[in-house]
(Lines give C-alpha, C1' and ligand atoms only; values in the text may rest on other atoms or scores of the structure.)
Protein backbone atom coordinates (compact mmCIF):
# COMPACT_ATOMS: atom_id res chain seq x y z
CA UNK A 1 0.00 0.00 0.00
CA UNK A 2 1.02 3.61 -0.54
CA UNK A 3 3.15 4.96 2.30
CA UNK A 4 5.06 8.19 2.92
CA UNK A 5 7.47 9.47 5.57
CA UNK A 6 7.35 13.00 6.99
CA UNK A 7 10.11 14.30 9.28
CA UNK A 8 8.99 16.93 11.82
CA UNK A 9 10.92 18.64 14.61
CA UNK A 10 8.97 19.37 17.81
CA UNK A 11 8.83 23.11 18.49
CA UNK A 12 8.59 25.08 21.73
CA UNK A 13 4.98 26.04 20.91
CA UNK A 14 4.07 22.34 20.81
CA UNK A 15 4.99 21.81 24.47
CA UNK A 16 2.86 21.79 27.60
CA UNK A 17 3.84 22.42 31.24
CA UNK A 18 5.09 18.80 31.51
CA UNK A 19 7.75 19.82 28.94
CA UNK A 20 6.42 17.31 26.38
CA UNK A 21 4.32 17.81 23.25
CA UNK A 22 0.70 18.47 24.30
CA UNK A 23 -1.43 15.50 23.24
CA UNK A 24 -3.80 17.63 21.15
CA UNK A 25 -0.97 18.94 18.97
CA UNK A 26 -0.40 15.49 17.45
CA UNK A 27 -3.39 16.19 15.18
CA UNK A 28 -1.17 18.71 13.40
CA UNK A 29 1.63 16.18 12.97
CA UNK A 30 -0.81 13.64 11.52
CA UNK A 31 -2.31 16.21 9.16
CA UNK A 32 1.09 17.21 7.81
CA UNK A 33 1.88 13.53 7.16
CA UNK A 34 -1.57 12.93 5.63
CA UNK A 35 -1.05 15.87 3.25
CA UNK A 36 2.25 14.33 2.13
CA UNK A 37 0.50 10.99 1.52
CA UNK A 38 -2.30 12.67 -0.44
CA UNK A 39 0.24 14.67 -2.45
CA UNK A 40 1.97 11.39 -3.38
CA UNK A 41 -1.44 10.10 -4.49
CA UNK A 42 -2.10 13.21 -6.58
CA UNK A 43 -5.22 13.92 -4.52
CA UNK A 44 -4.42 16.74 -2.14
CA UNK A 45 -6.75 19.33 -0.62
CA UNK A 46 -6.85 21.41 -3.83
CA UNK A 47 -7.42 18.36 -6.04
CA UNK A 48 -10.16 17.10 -3.71
CA UNK A 49 -12.01 20.39 -4.13
CA UNK A 50 -11.54 20.29 -7.91
CA UNK A 51 -13.02 16.76 -7.96
CA UNK A 52 -16.20 18.05 -6.26
CA UNK A 53 -15.67 16.51 -2.83
CA UNK A 54 -14.58 17.45 0.66
CA UNK A 55 -13.17 14.67 2.86
CA UNK A 56 -13.87 15.48 6.51
CA UNK A 57 -12.26 13.41 9.24
CA UNK A 58 -14.97 11.27 10.90
CA UNK A 59 -12.76 9.22 13.22
CA UNK A 60 -9.42 9.87 14.94
CA UNK A 61 -7.56 7.49 17.24
CA UNK A 62 -4.27 8.11 18.96
CA UNK A 63 -2.24 5.84 21.23
CA UNK A 64 0.56 7.73 22.96
CA UNK A 65 3.37 5.28 23.69
CA UNK A 66 6.25 7.57 24.62
CA UNK A 67 6.38 11.39 24.96
CA UNK A 68 7.95 13.73 22.37
CA UNK A 69 10.32 16.40 23.68
CA UNK A 70 11.61 19.82 22.60
CA UNK A 71 13.82 19.67 19.53
CA UNK A 72 13.25 15.95 19.00
CA UNK A 73 12.96 15.01 15.33
CA UNK A 74 10.28 12.46 14.61
CA UNK A 75 9.29 10.68 11.41
CA UNK A 76 5.58 10.18 10.76
CA UNK A 77 4.89 7.23 8.48
CA UNK A 78 1.42 7.45 6.89
CA UNK A 79 0.01 4.38 5.14
CA UNK A 80 -3.18 4.16 3.10
CA UNK A 81 -5.08 1.13 4.45
CA UNK A 82 -8.64 1.53 3.06
CA UNK A 83 -10.03 3.51 0.16
CA UNK A 84 -13.09 1.84 -1.40
CA UNK A 85 -15.82 3.20 0.87
CA UNK A 86 -13.82 5.54 3.03
CA UNK A 87 -10.24 6.73 3.29
CA UNK A 88 -8.43 5.17 6.21
CA UNK A 89 -4.85 6.07 7.00
CA UNK A 90 -2.63 4.49 9.66
CA UNK A 91 0.24 6.41 11.24
CA UNK A 92 3.35 5.44 13.16
CA UNK A 93 5.46 8.14 14.75
CA UNK A 94 9.05 7.11 15.42
CA UNK A 95 12.09 8.86 16.79
CA UNK A 96 14.22 9.62 13.74
CA UNK A 97 17.48 8.57 15.37
CA UNK A 98 16.55 5.50 17.42
CA UNK A 99 13.60 4.29 15.32
CA UNK A 100 11.64 3.75 18.54
CA UNK A 101 7.84 3.88 18.10
CA UNK A 102 6.40 6.87 19.95
CA UNK A 103 2.77 6.95 18.76
CA UNK A 104 0.25 4.86 16.82
CA UNK A 105 -2.73 6.54 15.21
CA UNK A 106 -5.38 6.32 12.52
CA UNK A 107 -7.86 8.61 10.77
CA UNK A 108 -10.95 7.86 8.71
CA UNK A 109 -12.34 10.31 6.15
CA UNK A 110 -15.46 10.07 4.03
CA UNK A 111 -16.36 11.90 0.83
CA UNK A 112 -19.00 14.62 1.00
CA UNK A 113 -20.27 16.03 -2.32
CA UNK A 114 -19.66 19.79 -2.33
CA UNK A 115 -22.78 20.38 -4.45
CA UNK A 116 -25.30 18.55 -2.24
CA UNK A 117 -23.50 18.29 1.09
CA UNK A 118 -24.29 14.55 1.03
CA UNK A 119 -21.99 11.95 2.48
CA UNK A 120 -21.00 9.28 -0.09
CA UNK A 121 -21.37 5.60 0.84
CA UNK A 122 -18.74 4.65 -1.74
CA UNK A 123 -15.57 6.55 -2.49
CA UNK A 124 -15.86 8.55 -5.71
CA UNK A 125 -13.83 7.52 -8.79
CA UNK A 126 -11.59 10.56 -8.25
CA UNK A 127 -10.03 8.65 -5.35
CA UNK A 128 -10.37 4.99 -6.37
CA UNK A 129 -8.89 5.52 -9.85
CA UNK A 130 -5.85 7.26 -8.41
CA UNK A 131 -5.26 4.48 -5.86
CA UNK A 132 -5.74 1.72 -8.44
CA UNK A 133 -3.39 3.42 -10.89
CA UNK A 134 -0.61 2.88 -8.33
CA UNK A 135 -1.06 -0.92 -8.21
CA UNK B 1 -20.82 7.86 37.87
CA UNK B 2 -19.54 11.40 38.21
CA UNK B 3 -20.52 13.57 35.25
CA UNK B 4 -20.20 17.28 34.42
CA UNK B 5 -21.47 19.56 31.66
CA UNK B 6 -19.36 22.27 30.05
CA UNK B 7 -20.88 24.80 27.64
CA UNK B 8 -18.49 26.15 24.97
CA UNK B 9 -19.14 28.51 22.07
CA UNK B 10 -17.19 27.79 18.86
CA UNK B 11 -14.90 30.70 17.98
CA UNK B 12 -13.63 31.97 14.64
CA UNK B 13 -10.11 30.72 15.48
CA UNK B 14 -11.50 27.18 15.80
CA UNK B 15 -12.64 27.09 12.15
CA UNK B 16 -10.98 25.66 9.07
CA UNK B 17 -11.47 26.54 5.39
CA UNK B 18 -14.59 24.32 5.29
CA UNK B 19 -16.12 26.83 7.77
CA UNK B 20 -16.46 24.17 10.46
CA UNK B 21 -14.39 23.52 13.59
CA UNK B 22 -11.10 21.89 12.55
CA UNK B 23 -11.07 18.31 13.84
CA UNK B 24 -7.85 18.77 15.84
CA UNK B 25 -9.36 21.60 17.90
CA UNK B 26 -11.79 19.22 19.61
CA UNK B 27 -8.91 18.16 21.88
CA UNK B 28 -9.22 21.61 23.48
CA UNK B 29 -12.97 21.19 24.00
CA UNK B 30 -12.43 17.80 25.63
CA UNK B 31 -9.68 19.15 27.86
CA UNK B 32 -11.84 22.01 29.11
CA UNK B 33 -14.60 19.51 29.96
CA UNK B 34 -12.11 17.11 31.56
CA UNK B 35 -10.79 19.92 33.78
CA UNK B 36 -14.36 20.67 34.93
CA UNK B 37 -14.85 16.97 35.76
CA UNK B 38 -11.56 16.82 37.66
CA UNK B 39 -12.43 20.03 39.52
CA UNK B 40 -15.71 18.41 40.59
CA UNK B 41 -13.67 15.45 41.83
CA UNK B 42 -11.29 17.72 43.75
CA UNK B 43 -8.38 16.36 41.72
CA UNK B 44 -7.44 18.97 39.15
CA UNK B 45 -4.07 19.65 37.52
CA UNK B 46 -2.72 21.46 40.62
CA UNK B 47 -3.99 18.78 43.02
CA UNK B 48 -2.53 16.03 40.81
CA UNK B 49 0.89 17.67 41.08
CA UNK B 50 0.53 18.06 44.85
CA UNK B 51 -0.32 14.33 45.12
CA UNK B 52 2.98 13.44 43.42
CA UNK B 53 1.60 12.29 40.06
CA UNK B 54 1.19 13.50 36.51
CA UNK B 55 -1.61 11.94 34.44
CA UNK B 56 -0.64 12.00 30.78
CA UNK B 57 -3.20 11.09 28.12
CA UNK B 58 -2.26 7.69 26.65
CA UNK B 59 -5.29 7.17 24.40
CA UNK B 60 -7.66 9.55 22.60
CA UNK B 61 -10.62 8.57 20.41
CA UNK B 62 -12.97 10.90 18.59
CA UNK B 63 -15.97 10.10 16.41
CA UNK B 64 -17.17 13.17 14.52
CA UNK B 65 -20.90 12.76 13.88
CA UNK B 66 -21.94 16.27 12.77
CA UNK B 67 -19.84 19.41 12.21
CA UNK B 68 -19.70 22.35 14.64
CA UNK B 69 -20.10 25.83 13.15
CA UNK B 70 -19.14 29.42 13.99
CA UNK B 71 -20.98 30.76 17.04
CA UNK B 72 -22.65 27.43 17.80
CA UNK B 73 -22.90 26.71 21.52
CA UNK B 74 -22.19 23.12 22.43
CA UNK B 75 -22.36 21.28 25.73
CA UNK B 76 -19.62 18.75 26.48
CA UNK B 77 -20.73 16.08 28.93
CA UNK B 78 -17.75 14.33 30.57
CA UNK B 79 -18.35 11.12 32.51
CA UNK B 80 -15.85 9.19 34.63
CA UNK B 81 -16.09 5.57 33.48
CA UNK B 82 -12.94 3.90 34.90
CA UNK B 83 -10.60 4.86 37.72
CA UNK B 84 -9.06 1.81 39.42
CA UNK B 85 -6.10 1.19 37.14
CA UNK B 86 -6.40 4.14 34.80
CA UNK B 87 -8.62 7.18 34.42
CA UNK B 88 -11.06 6.79 31.54
CA UNK B 89 -13.46 9.57 30.65
CA UNK B 90 -16.24 9.42 28.05
CA UNK B 91 -17.48 12.56 26.31
CA UNK B 92 -20.61 13.47 24.41
CA UNK B 93 -20.77 16.80 22.61
CA UNK B 94 -24.32 18.01 21.95
CA UNK B 95 -25.80 21.13 20.41
CA UNK B 96 -27.03 23.16 23.39
CA UNK B 97 -30.32 24.11 21.76
CA UNK B 98 -31.38 20.94 19.91
CA UNK B 99 -29.63 18.37 22.12
CA UNK B 100 -28.43 16.62 18.96
CA UNK B 101 -25.26 14.54 19.47
CA UNK B 102 -22.36 16.03 17.48
CA UNK B 103 -19.35 14.05 18.73
CA UNK B 104 -18.48 11.00 20.84
CA UNK B 105 -15.06 10.72 22.40
CA UNK B 106 -12.97 9.14 25.14
CA UNK B 107 -9.61 9.65 26.80
CA UNK B 108 -7.48 7.38 28.96
CA UNK B 109 -4.88 8.70 31.40
CA UNK B 110 -2.44 6.81 33.58
CA UNK B 111 -0.59 7.97 36.67
CA UNK B 112 3.13 8.61 36.41
CA UNK B 113 5.04 9.21 39.67
CA UNK B 114 6.74 12.61 39.45
CA UNK B 115 9.66 11.41 41.60
CA UNK B 116 10.62 8.33 39.55
CA UNK B 117 8.93 8.98 36.19
CA UNK B 118 7.41 5.49 36.49
CA UNK B 119 3.98 4.63 35.14
CA UNK B 120 1.69 3.17 37.84
CA UNK B 121 -0.16 -0.07 37.12
CA UNK B 122 -2.82 0.83 39.69
CA UNK B 123 -4.28 4.25 40.29
CA UNK B 124 -2.82 5.89 43.41
CA UNK B 125 -5.02 6.41 46.48
CA UNK B 126 -5.08 10.15 45.74
CA UNK B 127 -7.52 9.33 42.91
CA UNK B 128 -9.34 6.24 44.16
CA UNK B 129 -10.17 7.72 47.58
CA UNK B 130 -11.67 10.81 45.98
CA UNK B 131 -13.81 8.76 43.60
CA UNK B 132 -14.97 6.38 46.32
CA UNK B 133 -15.85 9.29 48.64
CA UNK B 134 -18.48 10.32 46.07
CA UNK B 135 -20.32 6.98 46.17
CA UNK C 1 -16.59 54.81 22.38
CA UNK C 2 -18.12 51.34 22.24
CA UNK C 3 -16.50 48.95 24.71
CA UNK C 4 -17.19 45.38 25.81
CA UNK C 5 -15.83 43.07 28.51
CA UNK C 6 -15.12 39.37 27.94
CA UNK C 7 -14.21 37.06 30.83
CA UNK C 8 -11.97 34.11 29.91
CA UNK C 9 -10.40 31.43 32.11
CA UNK C 10 -6.90 30.28 31.10
CA UNK C 11 -6.90 26.58 30.22
CA UNK C 12 -4.19 23.93 30.49
CA UNK C 13 -3.84 23.85 26.67
CA UNK C 14 -2.93 27.57 26.75
CA UNK C 15 0.18 26.97 28.85
CA UNK C 16 3.82 26.58 27.86
CA UNK C 17 6.70 24.89 29.72
CA UNK C 18 7.14 28.02 31.86
CA UNK C 19 3.65 27.24 33.26
CA UNK C 20 2.23 30.51 31.90
CA UNK C 21 0.03 31.20 28.88
CA UNK C 22 2.15 30.96 25.72
CA UNK C 23 2.46 34.44 24.20
CA UNK C 24 1.01 33.37 20.84
CA UNK C 25 -2.23 32.18 22.45
CA UNK C 26 -3.22 35.73 23.39
CA UNK C 27 -4.35 36.19 19.76
CA UNK C 28 -7.23 33.84 20.62
CA UNK C 29 -8.16 35.85 23.70
CA UNK C 30 -8.18 39.08 21.67
CA UNK C 31 -10.27 37.50 18.92
CA UNK C 32 -12.89 36.28 21.36
CA UNK C 33 -13.12 39.80 22.83
CA UNK C 34 -13.18 41.38 19.35
CA UNK C 35 -16.08 39.11 18.35
CA UNK C 36 -18.01 40.25 21.44
CA UNK C 37 -17.36 43.90 20.49
CA UNK C 38 -18.45 43.30 16.89
CA UNK C 39 -21.58 41.44 18.11
CA UNK C 40 -22.44 44.49 20.24
CA UNK C 41 -22.03 46.62 17.11
CA UNK C 42 -24.26 44.30 15.06
CA UNK C 43 -21.40 43.66 12.66
CA UNK C 44 -19.99 40.25 13.41
CA UNK C 45 -18.23 37.80 11.08
CA UNK C 46 -21.51 36.66 9.49
CA UNK C 47 -22.81 40.23 9.06
CA UNK C 48 -19.47 41.32 7.57
CA UNK C 49 -19.80 38.63 4.90
CA UNK C 50 -23.41 39.60 4.20
CA UNK C 51 -22.30 43.24 3.73
CA UNK C 52 -19.84 42.14 1.00
CA UNK C 53 -16.61 42.65 2.93
CA UNK C 54 -13.96 40.68 4.75
CA UNK C 55 -11.96 42.52 7.41
CA UNK C 56 -8.50 40.94 7.68
CA UNK C 57 -6.17 41.91 10.52
CA UNK C 58 -3.32 44.01 9.07
CA UNK C 59 -1.61 44.97 12.34
CA UNK C 60 -1.32 43.33 15.76
CA UNK C 61 0.55 44.68 18.77
CA UNK C 62 0.86 43.05 22.16
CA UNK C 63 2.63 44.27 25.30
CA UNK C 64 2.89 41.54 27.91
CA UNK C 65 3.00 43.18 31.34
CA UNK C 66 2.41 40.23 33.67
CA UNK C 67 2.01 36.50 32.92
CA UNK C 68 -1.34 34.66 32.98
CA UNK C 69 -1.45 31.37 34.88
CA UNK C 70 -3.51 28.15 34.86
CA UNK C 71 -7.09 28.67 36.00
CA UNK C 72 -6.71 32.47 36.25
CA UNK C 73 -9.81 34.33 35.09
CA UNK C 74 -9.07 37.42 33.07
CA UNK C 75 -11.33 40.10 31.64
CA UNK C 76 -10.53 41.40 28.16
CA UNK C 77 -11.85 44.92 27.60
CA UNK C 78 -12.12 45.73 23.87
CA UNK C 79 -12.68 49.35 22.83
CA UNK C 80 -13.38 50.66 19.34
CA UNK C 81 -10.93 53.52 18.77
CA UNK C 82 -11.02 54.13 14.98
CA UNK C 83 -13.55 53.24 12.32
CA UNK C 84 -13.60 55.75 9.47
CA UNK C 85 -10.80 54.40 7.30
CA UNK C 86 -9.93 51.28 9.21
CA UNK C 87 -11.18 49.42 12.26
CA UNK C 88 -8.85 49.85 15.21
CA UNK C 89 -9.55 48.14 18.51
CA UNK C 90 -7.61 48.56 21.76
CA UNK C 91 -7.51 45.84 24.38
CA UNK C 92 -6.69 45.71 28.06
CA UNK C 93 -6.45 42.36 29.79
CA UNK C 94 -6.93 42.52 33.57
CA UNK C 95 -7.07 39.96 36.33
CA UNK C 96 -10.75 39.62 37.16
CA UNK C 97 -10.22 39.62 40.89
CA UNK C 98 -7.46 42.20 41.45
CA UNK C 99 -8.14 44.41 38.41
CA UNK C 100 -4.39 44.44 37.74
CA UNK C 101 -3.47 45.13 34.09
CA UNK C 102 -1.80 42.06 32.56
CA UNK C 103 -1.61 42.94 28.86
CA UNK C 104 -2.14 45.89 26.49
CA UNK C 105 -2.85 45.24 22.83
CA UNK C 106 -4.34 46.61 19.63
CA UNK C 107 -5.47 45.31 16.25
CA UNK C 108 -6.15 47.09 12.98
CA UNK C 109 -8.44 45.67 10.30
CA UNK C 110 -9.24 47.00 6.84
CA UNK C 111 -12.17 46.22 4.59
CA UNK C 112 -11.58 44.08 1.51
CA UNK C 113 -14.43 43.79 -1.01
CA UNK C 114 -15.31 40.12 -1.42
CA UNK C 115 -16.28 40.66 -5.09
CA UNK C 116 -13.03 42.29 -6.26
CA UNK C 117 -10.56 41.37 -3.52
CA UNK C 118 -9.67 45.08 -3.33
CA UNK C 119 -8.68 46.78 -0.10
CA UNK C 120 -10.91 49.77 0.70
CA UNK C 121 -9.27 53.10 1.59
CA UNK C 122 -12.41 54.20 3.45
CA UNK C 123 -14.55 52.01 5.66
CA UNK C 124 -17.78 50.98 3.90
CA UNK C 125 -21.13 52.37 5.10
CA UNK C 126 -21.97 48.94 6.54
CA UNK C 127 -19.51 49.75 9.34
CA UNK C 128 -19.68 53.54 9.65
CA UNK C 129 -23.48 53.65 9.81
CA UNK C 130 -23.55 51.10 12.60
CA UNK C 131 -20.94 52.99 14.61
CA UNK C 132 -22.64 56.35 14.10
CA UNK C 133 -26.03 54.92 15.09
CA UNK C 134 -24.56 54.29 18.57
CA UNK C 135 -23.60 57.94 19.15
CA UNK D 1 24.12 41.46 12.84
CA UNK D 2 23.34 37.77 13.19
CA UNK D 3 20.60 36.64 10.83
CA UNK D 4 19.06 33.28 9.92
CA UNK D 5 16.57 32.04 7.33
CA UNK D 6 13.85 29.48 8.10
CA UNK D 7 11.73 27.96 5.32
CA UNK D 8 8.20 26.94 6.35
CA UNK D 9 5.33 25.55 4.28
CA UNK D 10 1.83 26.69 5.28
CA UNK D 11 -0.31 23.72 6.36
CA UNK D 12 -4.05 23.13 6.19
CA UNK D 13 -4.31 23.50 9.99
CA UNK D 14 -2.89 27.03 9.71
CA UNK D 15 -5.82 28.25 7.58
CA UNK D 16 -8.97 30.10 8.53
CA UNK D 17 -12.35 30.29 6.73
CA UNK D 18 -10.92 32.97 4.39
CA UNK D 19 -8.57 30.23 3.11
CA UNK D 20 -5.49 32.13 4.30
CA UNK D 21 -3.24 31.58 7.32
CA UNK D 22 -5.06 32.80 10.44
CA UNK D 23 -3.26 35.89 11.77
CA UNK D 24 -2.63 34.36 15.21
CA UNK D 25 -0.72 31.42 13.74
CA UNK D 26 2.13 33.68 12.63
CA UNK D 27 3.39 33.59 16.24
CA UNK D 28 4.35 29.97 15.57
CA UNK D 29 6.24 30.90 12.39
CA UNK D 30 8.15 33.62 14.25
CA UNK D 31 8.98 31.27 17.12
CA UNK D 32 10.36 28.61 14.78
CA UNK D 33 12.57 31.28 13.14
CA UNK D 34 13.60 32.70 16.53
CA UNK D 35 14.66 29.23 17.69
CA UNK D 36 16.84 28.88 14.58
CA UNK D 37 18.44 32.26 15.32
CA UNK D 38 19.05 31.34 18.96
CA UNK D 39 20.48 27.96 17.91
CA UNK D 40 22.92 29.82 15.63
CA UNK D 41 23.88 31.96 18.64
CA UNK D 42 24.39 28.88 20.85
CA UNK D 43 21.75 30.16 23.23
CA UNK D 44 18.58 28.17 22.66
CA UNK D 45 15.78 27.32 25.08
CA UNK D 46 17.82 24.58 26.80
CA UNK D 47 20.95 26.75 27.05
CA UNK D 48 18.88 29.65 28.42
CA UNK D 49 17.63 27.43 31.22
CA UNK D 50 21.16 26.16 31.94
CA UNK D 51 22.36 29.78 32.20
CA UNK D 52 19.77 30.47 34.91
CA UNK D 53 17.39 32.66 32.92
CA UNK D 54 14.07 32.49 31.16
CA UNK D 55 13.45 35.00 28.36
CA UNK D 56 9.73 35.71 28.11
CA UNK D 57 8.36 37.71 25.19
CA UNK D 58 7.28 41.14 26.46
CA UNK D 59 6.38 42.76 23.12
CA UNK D 60 5.14 41.39 19.79
CA UNK D 61 4.34 43.39 16.66
CA UNK D 62 3.10 42.07 13.36
CA UNK D 63 2.30 43.92 10.14
CA UNK D 64 0.45 41.70 7.67
CA UNK D 65 1.26 42.91 4.16
CA UNK D 66 -0.02 40.04 1.99
CA UNK D 67 -1.84 36.81 2.95
CA UNK D 68 -0.18 33.38 3.05
CA UNK D 69 -2.04 30.53 1.36
CA UNK D 70 -2.23 26.72 1.58
CA UNK D 71 0.97 25.00 0.48
CA UNK D 72 2.85 28.29 0.02
CA UNK D 73 6.48 28.08 1.11
CA UNK D 74 7.71 31.12 2.96
CA UNK D 75 11.13 32.06 4.28
CA UNK D 76 11.30 33.79 7.66
CA UNK D 77 14.42 35.91 8.07
CA UNK D 78 15.18 36.60 11.74
CA UNK D 79 17.74 39.27 12.62
CA UNK D 80 19.14 40.12 16.04
CA UNK D 81 18.82 43.91 16.40
CA UNK D 82 19.31 44.57 20.15
CA UNK D 83 20.88 42.52 22.89
CA UNK D 84 22.45 44.70 25.62
CA UNK D 85 19.41 45.34 27.80
CA UNK D 86 16.85 43.20 26.05
CA UNK D 87 16.76 40.80 23.13
CA UNK D 88 15.04 42.33 20.11
CA UNK D 89 14.58 40.36 16.92
CA UNK D 90 13.20 41.66 13.62
CA UNK D 91 11.48 39.33 11.15
CA UNK D 92 10.68 39.52 7.45
CA UNK D 93 8.50 36.83 5.92
CA UNK D 94 8.92 36.48 2.16
CA UNK D 95 7.48 34.17 -0.45
CA UNK D 96 10.29 31.71 -1.19
CA UNK D 97 9.79 31.80 -4.94
CA UNK D 98 9.04 35.48 -5.70
CA UNK D 99 10.92 37.04 -2.75
CA UNK D 100 7.89 39.29 -2.16
CA UNK D 101 7.60 40.57 1.43
CA UNK D 102 4.49 39.15 3.09
CA UNK D 103 4.92 40.18 6.74
CA UNK D 104 7.09 42.39 8.96
CA UNK D 105 7.36 41.65 12.65
CA UNK D 106 9.42 42.08 15.80
CA UNK D 107 9.65 40.55 19.26
CA UNK D 108 11.30 41.79 22.45
CA UNK D 109 12.38 39.45 25.25
CA UNK D 110 13.86 40.24 28.64
CA UNK D 111 15.84 38.04 30.99
CA UNK D 112 14.16 36.82 34.16
CA UNK D 113 16.36 35.08 36.75
CA UNK D 114 14.96 31.59 37.38
CA UNK D 115 16.11 31.67 41.02
CA UNK D 116 14.43 34.95 42.05
CA UNK D 117 11.83 35.49 39.32
CA UNK D 118 13.27 39.00 38.89
CA UNK D 119 13.40 40.78 35.57
CA UNK D 120 16.94 41.88 34.65
CA UNK D 121 17.52 45.48 33.55
CA UNK D 122 20.67 44.46 31.68
CA UNK D 123 21.13 41.31 29.65
CA UNK D 124 23.18 38.69 31.52
CA UNK D 125 26.68 37.81 30.31
CA UNK D 126 25.36 34.46 29.07
CA UNK D 127 23.77 36.39 26.18
CA UNK D 128 26.12 39.35 25.67
CA UNK D 129 29.28 37.22 25.57
CA UNK D 130 27.79 34.94 22.94
CA UNK D 131 26.74 37.89 20.76
CA UNK D 132 30.08 39.65 21.13
CA UNK D 133 31.99 36.48 20.28
CA UNK D 134 30.36 36.62 16.82
CA UNK D 135 31.69 40.11 16.00
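In order of appearance the chains are A, B, C and D, and numbering begins at 1 in each one.
Basically, a contact is a pair of C-beta atoms (placed from the backbone, for glycine too) under 8 Å apart; a residue touches a chain by one contact, two chains touch by 3 or more.
All figures in this text were calculated on a predicted structure; none of them were measured in a lab.
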*Please state the rotation angle, between 0 and 180 degrees and to the nearest 5, that superposes the Cα atoms of chain A on chain B.*
180
*asked:* With contacts counted as defined, which of the two, A-C or B-C, has more C-beta pairs across the interface?
replied: B-C
*Report the chain whose mean Cα position is at the greatest distance from that of chain D.*
B
*Chain centre separation (chain C, chain D; CA means) in Å*: 23
*So what's the Cα centroid distance for chain A and chain C, whole Å?*
33
*chain B and chain C: spacing of chain centres that average the CA atoms, whole Å*: 29
*Residues of chain B engaged with two or more neighbouring chains*: 12-13, 24, 27-28, 31, 70
_In the complex with chain C, residue positions of chain B that touch it_ = 11-13, 27-28, 31-32, 35, 44-46, 70-71
*Which bits of chain A are touching chain C when the two form their complex?*
12-13, 15-17, 19, 22, 24, 70
*Given the complex with chain D, which residues does chain C contribute to the contact?*
18, 20, 23-24, 27-28, 31, 54, 56-65, 67
